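All chains are identified by letter, namely A, B, C and D, in their written order; residue positions are counted from 1 within each chain.
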Amino acid sequence: MIAILKPTCTLREKAQLVEFLEQRGFRVHLDRNAEREWVGVLGDGAHALERELAAFGAIEELKQESAPYVRAARGLRGESTVVRLGRIALGGPEVVVMAGPCAVESEEQIFTTAAAVAAAGARMLRGGAYKPRTSPYSFQGLGQEGLELMAAAGKAHDLAIVTEVVAAEDVERVARLADMLQVGARNMQNFRLLEAVGKSGRPVLLKRGLVATLEELLLAAEYVLDAGNPEVILCERGIRTFVRETRNTLDLAAIPLLKEKSHLPVIADPSHGTGVRALVPPLALAAVAAGADGLIVEVHPDPARALSDGMQSLTLEGFSGLMAALDPLARALGRRLAGGSS
Amino acid sequence: MIAILKPTCTLREKAQLVEFLEQRGFRVHLDRNAEREWVGVLGDGAHALERELAAFGAIEELKQESAPYVRAARGLRGESTVVRLGRIALGGPEVVVMAGPCAVESEEQIFTTAAAVAAAGARMLRGGAYKPRTSPYSFQGLGQEGLELMAAAGKAHDLAIVTEVVAAEDVERVARLADMLQVGARNMQNFRLLEAVGKSGRPVLLKRGLVATLEELLLAAEYVLDAGNPEVILCERGIRTFVRETRNTLDLAAIPLLKEKSHLPVIADPSHGTGVRALVPPLALAAVAAGADGLIVEVHPDPARALSDGMQSLTLEGFSGLMAALDPLARALGRRLAGGSS
Amino acid sequence: MIAILKPTCTLREKAQLVEFLEQRGFRVHLDRNAEREWVGVLGDGAHALERELAAFGAIEELKQESAPYVRAARGLRGESTVVRLGRIALGGPEVVVMAGPCAVESEEQIFTTAAAVAAAGARMLRGGAYKPRTSPYSFQGLGQEGLELMAAAGKAHDLAIVTEVVAAEDVERVARLADMLQVGARNMQNFRLLEAVGKSGRPVLLKRGLVATLEELLLAAEYVLDAGNPEVILCERGIRTFVRETRNTLDLAAIPLLKEKSHLPVIADPSHGTGVRALVPPLALAAVAAGADGLIVEVHPDPARALSDGMQSLTLEGFSGLMAALDPLARALGRRLAGGSS
Amino acid sequence: MIAILKPTCTLREKAQLVEFLEQRGFRVHLDRNAEREWVGVLGDGAHALERELAAFGAIEELKQESAPYVRAARGLRGESTVVRLGRIALGGPEVVVMAGPCAVESEEQIFTTAAAVAAAGARMLRGGAYKPRTSPYSFQGLGQEGLELMAAAGKAHDLAIVTEVVAAEDVERVARLADMLQVGARNMQNFRLLEAVGKSGRPVLLKRGLVATLEELLLAAEYVLDAGNPEVILCERGIRTFVRETRNTLDLAAIPLLKEKSHLPVIADPSHGTGVRALVPPLALAAVAAGADGLIVEVHPDPARALSDGMQSLTLEGFSGLMAALDPLARALGRRLAGGSS
């Protein structure tokens, strides 16, 4: 429920209202747009308060907000959130591309990749150091060493870095070196991890779970927002369906839907979304045409020898070709490729 | 299995080979590209013939084709099929848009729509006359009367018409007035209907079933091709998944995949693919960015009063806006909107 | 909508009501249970009549029935429908087992199978004569000859026969020899076929489509009922999901749900529902434990040489073992295996 | 890969083999059954060692095991694992029932429930103290207090207790009071948590993720086994599909499949598996008929007032009715209800 305040509402009245709500066991969320200010009432059963709230003269109107994700909802807000990382602005007119290997494997691999993707116009370097793997016997990533290599490669090529964090206890360590923390699809409902990244001071790239509804994704974002971190980027990365020709089914309708329901930036991952190298470029273009604010793409200098996800990684040339195709497409849509010629 | 013939193969040798195969209970499919000629062996268990075929001197090479849809497969063919309907060419560089109401409801409705979509750049008029409906008590379409209205409206505005045919016994009647016959998602595996449209002399728009794999779709196309009709257009129209925010999940990866596996044109239906009006334009753009050769879109002069599918129909203005956005996008992709300014 | 009539309602009043409704373009469905009689109003928009109907003195109460399948709904009816075929009663306390090969392949095959399944306690012989096949090049069944062989085998072993019919134009011919007509999963929404079997005079075994909701299945049944045939048996045969270890996912919750929503008998097909021989017995037992009124099971004297579906066919011994396990299970549930020792 | 040792293999030879494998970067798993002893080689790329291993005289045979979950696989083992908790034996002939509320809400609630389920024949008490909730604003469980209440209620009624643990850092605390630790569906691939429960010294109830394949589930179990804990119980609790009439689709074929692929006990959760109270008893019976070694069922003294999952909770009477129906069913299957009359 949302209580919209009268323009004449005093600070004292607002404080009384908040106190009343908190005494009843609810949490509150204060927000405003250009014209109005309101109080979101968080918790189950808020509608039972309606009668009592009618007695508060400072309330102009009570709204039963249907969305249970009060902070993530576009709702009364007019504007979209823009997440800034240095010269990068995610959620504005620019289309931001993040690229790099599934896993950091060696110094040479990550520096070669960083150089190539920077030259092609990527603004961020992706790469896994702590890898969540389905089997305990698969390559689990280089850990701290991988993180340091990636940070150095990012610095060398003026790329911000984004990497996955898989456990609450790792957040602090990873946040020291990474510019953006990724919460992977398998951890989308690891609520302790969401709370931890919510306190990390770093923007969070939150991937949709393989079988998550959009409401579940937005409620996961709400955990991060509620922990005090307003910078969440949502990522559509494919859902699991009956289809067997692709690793996952990229649900591109999620992009305009999420942008309608929420003020947060939305990007797409055509690499995991298809699992097939040849499908990455057409689906990357499609995602931007559907309204994505950015892309995260797997690129490897030698996909055939990649320790993980080689089948879906673009070569350096393939990535460069994709960027060349993206540039005119973005312009045709009235946007611009961040890092593209201008 | 495919037997590639030597350049020196005589007509007599070819005839002997065909006779041999047919005596063993197989059917054969003769095809060629610029350089070579081959015989496709159709039926289960062809590989058991390998030894005997080795004795045929006219055979250069035996190929175990993995695709069971010999006629629909891109396989050895170099080129894509282009389906022509007057000035329309489906499967070439132009992006062809088909638009119109879910169901023909009245003369005024279909003429108004036809005029508007033609003006906006559509090349074909879609509309249902014989409607397959989930409930026996829902509006079942105007039948023959609807068909005649649509044909008249198409003629008046220089639009080819495409309409669904729901039973083998209706094919002849519908083919008399329609330029293209649609086989709907529910009938994708109605094999008698596929055989009937395969003998209709009209191009066939074949929609993917709600839960069909791409192999099943291509085998359904194979029924039409095998009945003698080489003009089949495939249509991705959304699959049924766990997602509830949209009516279906538009599987855009199917578009580049189908174009890789088959030489047939591929279009998309963002109306059924999403079921939500606001999502039709972004997904239409996305489908073209993913490589679709065309679109089929539901448009209604007054969606709120539509007898079916009003929720997903664009208004006339909405459609016109979509076409204005498609034009620069198609150009950015090196294609052209059929009917667009040039 | 349903109009429940007063006990005092006269025939004349009932006729006036029906006439009124039909003039407004609605169809009506008269039904009754032990205490009451009612009129179902069929068609979209019936609720708009509420005011006018208030003027009819013979109406006791108007009910907005949520189910759109008025004839298939359990609704006001107290009892379940029992479909009788000679000594067989489907939908009562007995559990009826139908068994036989996927396709009739030869006289020897069908007679051997019939003898064995009859000896093990099956009451009906299943087998395909007209087969719907995904590929045009696969074995399409023996057609009329297969039908005659199956009819003879059924007669010889006192088994009623059930076989699939794939097109409206075949219904009359198949109905001459078969005791029960099966509409397969792919044809669940082939509405012309549903209407045709609705006029066949034979009970209809209606299989749930691979991706059909229960409402869609019940509306498909409604087409048959509405065409005048009250004898429909519903069949859960597995849905298509992301799971790859089984051919389909048998949705056993559908069984108690369908029995709650509808008065029609419900059976299960563990052969197509799993696609794996070793899983057929445990899932057959599970289906009966979940409340199934019967089973339809694929059995073949030599599954390794079956022309179709060999992987999921039980051997004759396997079937006999299943029946031996089913008997005590049915008793533990307070039911009885039709044909079992008693 | 598995290297089966000759009966004559000496300890020294075994040690040399292990050393060789570990030097190449593989991990090893020693196991045996009544007749043979073998070494499992864990890690990607083991097949490349084949030639070198041929030089080891102590190896009788190399087997390419297809299952990547070497410890969880039934493989060469003859027997099933039986997990014992006092008088309870999970995985043997008895069917073990765990019952209790979704969340512990109060002392009265948990003691009332414990008394009733014990009287009806349950052997274990389930209940959530640390709850993973989709929304940050929903009731998150009573935490440590809930755990203590549950432990006391279990003790009072001779019920072992099982409760969910949601984060690695909670494992030690929860393991102090709980007899069995549950890893929930959302955390099935929270690998840090799996490692932590693998070191807890408590049996682990591992629930299948909403969209997990059986291979993924068994690899998750492998994480626990690999961390040193041999006592894992697998739980089928429903998967997410297109079906909307039930909360999830209970995939009962998973039960016999898991028992074939693995030696671990398998139980079912018909409460989450359906989400509908009326469907819990028929699906519970079906799960046992399909071969489940036990059930976990939600029971609440007043489901209408439950703080979570009230819709799917049985009443105390409902649970008692289910147990009365289970007893003869288990006997008909040649098993016995643990705690049932004997």
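Please note the rule applied: contacts are C-beta pairs under 8 Å (C-beta built on N, C-alpha and C of every residue); 3 or more make two chains touch, one makes a residue touch a chain.
Remember, it's a predicted structure, so these values are computed and weren't measured experimentally.
When the C-beta pairs in contact are tallied for C-D and for B-C, the bigger tally goes to C-D. In this assembly, C is the chain whose CA centroid lies farthest from the centroid of subunit A. Subunit A and subunit C have centres, each the mean of its CA atoms, that are 48 Å apart. The distance from the centre of subunit C to the centre of subunit D, with each centre set as the mean of the Cα atoms, comes to 37 Å. Once the centre of each chain is set as its mean CA position, subunit B and subunit C turn out to be 33 Å apart. Shown for subunit B are the residues in touch with two or more other chains, namely 211, 240-242, 244.
Residues 27, 42-44, 68-69, 132-139, 166-169, 186-187, 189-192, 210-211, 216, 219, 222-223, 226, 240 of subunit D are the ones that touch subunit A when the two sit in their complex. Per the touch definition, subunit D reaches subunit B in the complex via residues 240-242, 244.
Those residues of subunit C lying in contact with subunit D across their complex are 211, 213-214, 239, 241-246, 249-257, 260, 273-274, 276, 278-279, 282-283, 285-291, 325, 328-329, 331-333.
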